[in-house]
Amino acid sequence: MGLTASEIVERVRAALPDDIIVATEDDVAEADETKKKAPETIDPFVLAKPESLRKVCEWLCYEPDLRFDLLHCISNIDYPDRNVIQVIYHLDSIRHKHTFTVKVDLDRADPKVESMVPLWPAADWHERESFDLMGVIHTGHPNLKRILCADDWVGHPLRKDYEFPEEYHGIPCGPYVTEYANIPPEHEVWLKEFEAEDAAKRGGPSS
Amino acid sequence: MLTGLLLAAGSAGRGLIDLDLTSLPLVGEMLAEHPTIAWPLLMLAIGCGVVIGYITVFSLLAVYAERKISAFMQSRLGPMEVGPYGLLQTAADGLKLLAKEDIIPRDADKLLYIIGPIFVFTGVWLSFVVLPYGPDLIVADLNVGLLFLAAVASIEVVGVLMAGWASNNKWALFGTMRMITQLVSYEIPIGLSFVAVVAISGSLSMQEITLDQQGWFWNWYLFRNPFLFVGFFLYFIASLAETKRAPFDLPEAESELVAGFHTEYTGMRFSLFFLAEYAAMYVVSATAAVLFLGGWCTGFAFIDSWMMESAGFQRVLANVVGLTSITIKAWFLVAVMMWLRWTLPRIRLDQVMYVCLKVLLPFSFGVLVFSTLWELVTDGTLFGDWWPLFQFLISIGGFGLLMMNFMAKERPYDIEADFRPLRHSEVHAAPDAGARG
Amino acid sequence: MIEAGADIRTEEFLLNMGPQHPATHGVLRLVVRTDGELVLDCECHIGYLHRCFEKCAEGNPYTSVIPYTDRMDYLAAMCNNQSFSLAVEKLAKIEVTDRARWMRMATVELQRIASHLMAVGTYGLDVGAITAFLHCFRERERILDLFEEMSGQRLNYSYIVPGGVLYDWPDDMPKKIENFCDQMEVRIREYNDLLSGNGIFIKRTADIGVLPADVAIAWGCTGPVLRGSGIKRDLRKDRPYEFYDQVEFDVPVGRGLHGTLGDCWDRYWVRVQEMSESIKIIRQSISKYSTSTGKYLTTPANKQLRPPKGEAVYHTTENPRGELGYYVVSDGEPIPYRVKARAPSFCNVAVLPEISRGTMVADLVAILGSLDIVLGEIDR
Amino acid sequence: MGYFGDIYDVSKSILTGMGVTLKYFVNPKTITTVQYKRPERRGEGELHEVPHLPDMHKGIHYLETEECIMCWQCANICPVDCIVIEGTRDGEVEGAYQGNRANLTRFTIDYSLCIYCNLCCEACPETSTCIHMGKEFDFTSYDQGSLVKNLLTDEKFTKEDLRFTTNAQSKIEELAEEKKRKAAEAQAARKAAAAAKKAAAAKKAASTPDTPAKKD
């Protein structure tokens, strides 16, 4: 087995102190007192500055001890209350058998980050998906267009404030709104009432 | 058997069965007034009807057989719903095809699109003219019968080209091009096999080739000499390609080209292609039977001599026996075609050409040259009357030795041997992925 | 007649393969630029089966997301259930008993066999061998029978849930699985006779679609596709989850038996070998299961899970098609804040244009089949 | 391997494969499929007599109507929202099905949506456990509309049923109104009682204003 994530975090901090914002749980609390909602995770990670993401990733990719040669996944999360779109790069090393996570916080209004395609060709489709569903613009991507949705789709569906369109080219496509959704809001209360009644009935008034 | 009787009725013109057609009301008048025109026309009509009926019934049965054969090979039951054991399934499918809407794509070349399937069907249909079914059961015993067969078989190419090009569909075009490449190339090994047989029989007439193989079954051309024995297999493989059966079914490779050149066809027109394919299977199998397996000869000297000598009602019976004999042989070969289809993967276009030009062609030439040489050297009488039997034993013995060789060696993939764990150094030549950047 | 010196004018051909095409294993659309039969370039268009898995998961409780994961890789639904359950268990810190873990391992490996049977069978179908396909289906059907007895369903099981498995096994289940394993070993030999060793099959697949190891890694290929290129990487060995560190099995890799390392035949052969390895794991799991104790499910199925706020987990497992990862983010509510699925086929199919250039149309089908994609998880 | 070796190997492997298929072809015992007995070919009583259906099989639901307490748990957990429950626990509705202290006018599942995930049965509270998955699975039809099943009658949901439920709806609303009114009355009464009590207490307190002060 390779290095643990905490060890990698230490190395990144030592090597590139200016390019990362926060790295661990404690750092989150320290560095960003105002943004209380910043996620803590079970696995340690590195939160890179958007402008130096490429540098961090290149370092992770080429550093002989680390050699993150496999880009496993690019995820993204929308945090409207923090006005942040977070892009998460899950890295993996086939040679050293360790994994690592690099995160980057982008401005929600103008989410732009450098493309990782020159580093890992695997980023191609992941970044297209990220653009399609979350609207992150990966600058320098050779073919940044929608991948899952249709080319003329409006909006980025995975954003939390996305509103589903009523129709697409005349095809009704909104959420399946029918009679099937008419569960009365008080149904939980009714169940509790019933259970209380039932218990009273079974256990008798004494219980 | 039903079809056999129909065919027997069809050859009434040869004076076998004395039907008094002149007594029929309308036909009789016409026959009396214009005997030179009406008689051939009547014969033509009857012949066409009989051949079409034969093709249809054969196709129905062959499709059913193919379905059942494939099902049993795949641990399935096959069609079971329509009729007892699903016997009527293909009839139901045929009815469905006929009842289907006939669609002509808007951008298709309409004329070519319509006549394409007719050409394909006609080519196969004409082949039936020269196929002998019994001592007297042959529509036309042409003295260039084999040449005629090779010629009409290539009409199919034109029909397919029309159909595929006129469909205005890229998949159809792909299928057409594959089909034409294949058909045109494979006519060469087929022709060479024909020539090898003709060199020995000395005649192009199908009936004469058959008669030359009378007597015991070691008189068949299959066992005539060891080279013709190989020639039979070459012809059979080439005929698979000629009828676009697996493993040469790439003109209509359903996993690659959807349905090849007949992608756009529906209903009746599609069923013409369908009938033509199955009829072509029968034609090449029957041709193989005539050329190598003694045609309508039974392989038993006493029956064959009786068939030739009989007269009157016995003659009719002899024809039925001959018909049964060739039908059994042809059906056996058709069954082997189906067996191959349900076993083998499909080969690629360049491999099809490789098999034709680099394997079948040199081998066919070899067969032609060496079987002729063999005939010249042995002169057919090296050991007197027993020579055919010796040649039979040589062929069978060689084949047996090859089979034993096949069986003796270890299996191609021994799963145990392939499972020895690899050493770490063998595996971990992990290349530099990042170096690409 | 063509004059001397004049070129024959040929045209390039733009061919739309799919979305409705028998060889694209679903609704994948390939725009292929061909020169006759030669593929010059191809481009994948996906998304025809997009069902907003990630958006749906944001609106459903954790337990209700499980049926959605079934429908991602519908040929390996158990593995998807397991992967998501492991992620949620890590997130919500749920303990799973040993017995449930052994049950999960046996079912997941059975599912792996079923999935590889499908892959092997449809690969035969792609190159035109129909009988092998139905023979593989016959064995797959037996696995589905076993699954039906466990979970009541044959395709989308929703059987593995956070906290264990949904139902206990019937008493005779270990015996039945053992019986199946005995039969399966014989069958694999038969598939090799029928398909793997067939000369035509080898001619069609060997030296076709060669995927060098560095290209495979760079494009993020995983699973049998990566192992077919000769790289010994298997998360079950490298980063063991469940009890994979307690069972013995080999990781088969491609060795270029009939051609270049990393060709279609190698990828196919890795799958065939993996079936035998899975049988080994199943046998060991079954014997361990019989001696282990504990409940099969630690959290009631109808209990709402509420993982702590702000937790995020990326959990990867070895799916039959590659490495499946679920990134689950919680904000303390009973429904996940964000679920991201890293689908193995999504990454594997991305390499298709890279390796299909210069092949023939028939090879394109063979290469696509050897990647063994499932559109359900590519489009999600 | 060479040219002849290649031909030899290929022909050999072809024959090996043909051996396998021939083995299956000649041996009828290897047939594993069975003929499915379509519903119209089955007798009246044989509806469920399909061979080898395990106990666990998740088929079409059935409902123990008299156990149902109309708690909406199943409809709530359903990932595809295919369950509709209508009815009331406020009182009798003419023609309604009697549940456990509930009057059900409608309990349908749309099988064009249902994914047979069993979550509804899991969610059903322990006090009732009324919804189950049966063994029947043959639920084909020619139009989507008739895939809606009425669990109260265990038959397909028809237009007549829809008319009944719409008629019953007004009665249910009436009952709900009445209940609300009663609740409001009770509330008012309770409020009045509480106010009276408070007033009394205040009076009492007023009458003894110095009592708390005494403690200090």
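Going by the order they are written in, the chains are A, B, C and D; count residues from 1 in each one.
Keep in mind that, in the parts below, contacts are C-beta pairs under 8 Å (C-beta built on N, C-alpha and C of every residue); 3 or more make two chains touch, one makes a residue touch a chain.
Model, not experiment: these values are computed from the prediction.
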Farthest chain relative to chain A (centres taken as mean CA coordinates):
B
Geometric centre: closest chain by C-alpha means:
C
Would you kindly tell me how far, in whole Å, the mean C-alpha position of chain D lies from that of chain C?
32
Between chain A and chain C, tell me the centre distance in angstrom, where each centre is the average of that chain's C-alpha atoms.
24
When the centre of a chain is set as the mean of its C-alpha atoms, what distance in Å lies between chain A and chain D?
35
In whole angstrom, what separates the CA-based centres of chain B and chain D?
59
If a residue has to touch 2 or more other chains to count, which residues of chain D qualify?
9, 11-14, 16-17, 20-21, 32, 73
Shared interface positions of chain B, touching two or more other chains:
73-76, 342-344, 411-412, 430, 432-433, 436
Listing for chain C: what residues touch at least two other chains?
131, 138, 193-195, 197-198, 200, 203, 217-218, 231
In their shared complex, at which residues does chain B touch chain C?
70, 73-76, 170, 174, 177-178, 246-247, 249-250, 253-258, 342-351, 411-413, 415, 418-419, 421-422, 427-433, 435-436
Which residues of chain B touch chain D once you look at their complex with the stated criterion?
69, 71-77, 80, 339-340, 342-344, 358-359, 403, 406, 409, 411-412
Which of the residues in chain C come into contact with chain A in the complex?
46-47, 50, 52, 54-55, 90-91, 217-220, 222, 231, 233, 238-239, 310-314, 316, 323, 325, 327, 329, 337-338, 340, 342, 346-347, 350, 354, 379-380
In the complex, the residues of chain A that touch chain C are 1, 37-43, 69-73, 75-78, 88, 90, 94, 97, 99, 101, 120-122, 124-126, 133, 146-150, 157-158
Considering the complex alone, what residue numbers of chain D touch chain C?
6, 9-14, 16-17, 19-21, 32, 52, 54-58, 73, 77-79, 115-119, 122-123, 133
